[in-house]
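Order of writing sets the chain letters: A, B and C. Residues in each chain are counted from 1.
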Amino acid sequence: MTANLLQLNIADGVARITFNNPPVNVMSGSLMRALKHLLHELSGNKEVQVIVFDSANPDFFIAHVDINILDEQEILDELQQSAPEGLNLFQAIGEMIRAQPQVTIVKLKGIARGGGAEFVAAADLSFAALESGKLSQCEALMGIIPGGGATQYLSEKMTRGRVLEVILGADLFDAATAADYGWINRAIPGAAVDTFVDRLAAHIAALPAGVIAAAKKVLSPVRNIEGFKSENEGWQSLVFQPRTAEIMTKAMQNGAQTVAGELKIEELLRSI
Amino acid sequence: MTANLLQLNIADGVARITFNNPPVNVMSGSLMRALKHLLHELSGNKEVQVIVFDSANPDFFIAHVDINILDEQEILDELQQSAPEGLNLFQAIGEMIRAQPQVTIVKLKGIARGGGAEFVAAADLSFAALESGKLSQCEALMGIIPGGGATQYLSEKMTRGRVLEVILGADLFDAATAADYGWINRAIPGAAVDTFVDRLAAHIAALPAGVIAAAKKVLSPVRNIEGFKSENEGWQSLVFQPRTAEIMTKAMQNGAQTVAGELKIEELLRSI
Amino acid sequence: MTANLLQLNIADGVARITFNNPPVNVMSGSLMRALKHLLHELSGNKEVQVIVFDSANPDFFIAHVDINILDEQEILDELQQSAPEGLNLFQAIGEMIRAQPQVTIVKLKGIARGGGAEFVAAADLSFAALESGKLSQCEALMGIIPGGGATQYLSEKMTRGRVLEVILGADLFDAATAADYGWINRAIPGAAVDTFVDRLAAHIAALPAGVIAAAKKVLSPVRNIEGFKSENEGWQSLVFQPRTAEIMTKAMQNGAQTVAGELKIEELLRSI
């Protein structure tokens, strides 16, 4: 299954993981499990210094968590059981990425929303194509708040006023604004983003032994466990409400998780 | 009095509060008291999800705290008595705004200086007209440091080097630089700022029940009471010095709190 | 010696310190000692409110710490002995600048790398010429991580993802990107940077008595001693490795610390 959902290519110290879950790269339970296994495997691979994440889909990096994820209850249970104390299973995905010994880089050429945007925020570095890279925490439009780390990661990156704008405004942000807000490292013209990321990844992979580990240790992210718990409580208080279930059902009926629907999912959700 | 100093309009879950204290919208004791009463009243109004602050004066949002505010000693005593433990009455205004259950948004089309700039910094979100929205913490030119929360709020928003530049440089910042520094959310072309803020306010007001409260709870601002006390001590150590009184008196003689004088108050103060 | 390495000019409350250590302004032990003596002397000078640092060399502000610094072991021992508890001698330089009672301003018209970039980050304010001001933490290319405060100072100024990009990417950053990242206050067109800094320094020096001290006290930087220790441990674990000595030796053979070599030192180091 990993072979299908995640394409892996390793060369010159750089592992490239390509998300491939048509039609819009939803983050399903299967994908989360495959990602977990792959990152665990790579964490013991001394040949790999850098991991670059990209997408096989030109329009979508990761659409968001699969709206039908409860159909995979068994996988969710498995993921929750192995989550660190005090984290829900979605937060555990972000914290797994942040604990990876390699330098993790997102190359964002399409849209990342919800849990996909949280994935981008959890990675060490992120570079977006100026014209096509886009981010959205649109959970509010479904009657919930983000529950996979966004409130914590975004608060590290931008002012509280901008976090509130992102989460409550629930709009799709272009790459230039995301860079202005500190959400990503840089917005780079689409024609140059591959070259930029490839060069940077190669440079980092070629560093003398020990430098990456030392830098990541000194700059290790601080896990504010109370913040994660607070986020989870807020999310849990809303996610099981009838209104949320109703919005999700209607969203699926109106085109969510299809290419056409996802390109304008904020409009679709606001019209429900 | 509220009816005069503050215009209130409520529609579709959005309360609009318009400052109206000619000629330059100084923040007088009366205005602070009226604002306190109005925000207290709105805090219990479940119909209101968003509060947008703007100004009836095209040139000034809030000029600054009234230089003659000591003439309203009775109101000041009343405000100080109801201030939270450890905050002075000006800091209490900012912290009141930050505790408001609604999402607070400043639409900044004119100048906000001193306590007016602190008001902008205390609000959840802030959007400025690119050409005409301007901010200044010009207290240093009167021989004092900001005493209404600026040292704390700005330190959350921008680097220490930029806070020092703002406070000691004491210049009037244009909206683009303010956005670059993280002082405000965005600078928006003047012709588009109404549409932008109206749309955002409407979108937030239309969110499913519970989302705003959950987001504001998880992202509740941290009150560093030691920081507020340190700011207040610094401010108090300077504000009663003869030199400060002399500057304020001469400023009033030279045009402070008139439209012409306030448009270039930094120059006016530096020439004393 | 001070007279040679550091030029001092005091006028109207502003001290200007000009680095002058040809050919590329390396930060030698002698220069660090001279700087320490001069700043100590100035700290007791009530006539000086602002210190502006610039360079006599149009291409380089401070190239980096002298690669041959171990030849000055006696001076290093002296500097280490007087360093505050828990800081190495390089970190002590930055913390000395941060403790200076005056407002410290860097005018960056050339390149600052390594310990020179850490000097820029330690100063209160920093303004770079848009076309020629450049910054790099290129230590990683020598097999080490920064050991003079960069991990701490940069983490105050920009997101963790950008700090990792700066330290592991080890590229030369132009002034515009540095300003976008919060590394410096502003990037200013080269033709205007003198006027801008002179005006700002003069305005700050002219502030009424007590204002600078009060502002610097309220906004005093927080020294995270555990962070400095962690940085020092990471740095120490790498700096004495044979690979690092080999890179430094070859760098010197290939043109490091000459003007031509330093203009492209990242390329030079990557080719070793």
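Following the convention adopted for this analysis, a contact is a pair of C-beta atoms (placed from the backbone, for glycine too) under 8 Å apart; a residue touches a chain by one contact, two chains touch by 3 or more.
Fair warning: this is a prediction, and the values are worked out from it, not measured in the lab.
Visitor: Through what angle, to the nearest 5 degrees, does chain B rotate to match chain C on its C-alpha atoms?
Guide: 120
Visitor: Same or different for chain A and chain C, where same means more than half of the interface numbers show up on both copies?
Guide: different
Visitor: Averaged over CA atoms, how far is the centre of chain A from the centre of chain C? Could you give it in whole Å?
Guide: One centre to the other, that is 36 Å.
Visitor: What residues in chain B touch two or more of the other chains?
Guide: 180
Visitor: Any idea which chain B residues touch chain A in the complex?
Guide: Going by the criterion above, the answer is residues 103, 123-126, 156-157, 179-180, 182, 184-186, 200, 203-204, 206-212, 214-219, 221.
Visitor: In the complex, go through chain B and note every residue touching chain C.
Guide: 140-145, 151, 155, 158-165, 167-171, 177, 180, 227, 230-231, 234-235, 237-238, 241, 243-244, 247, 270
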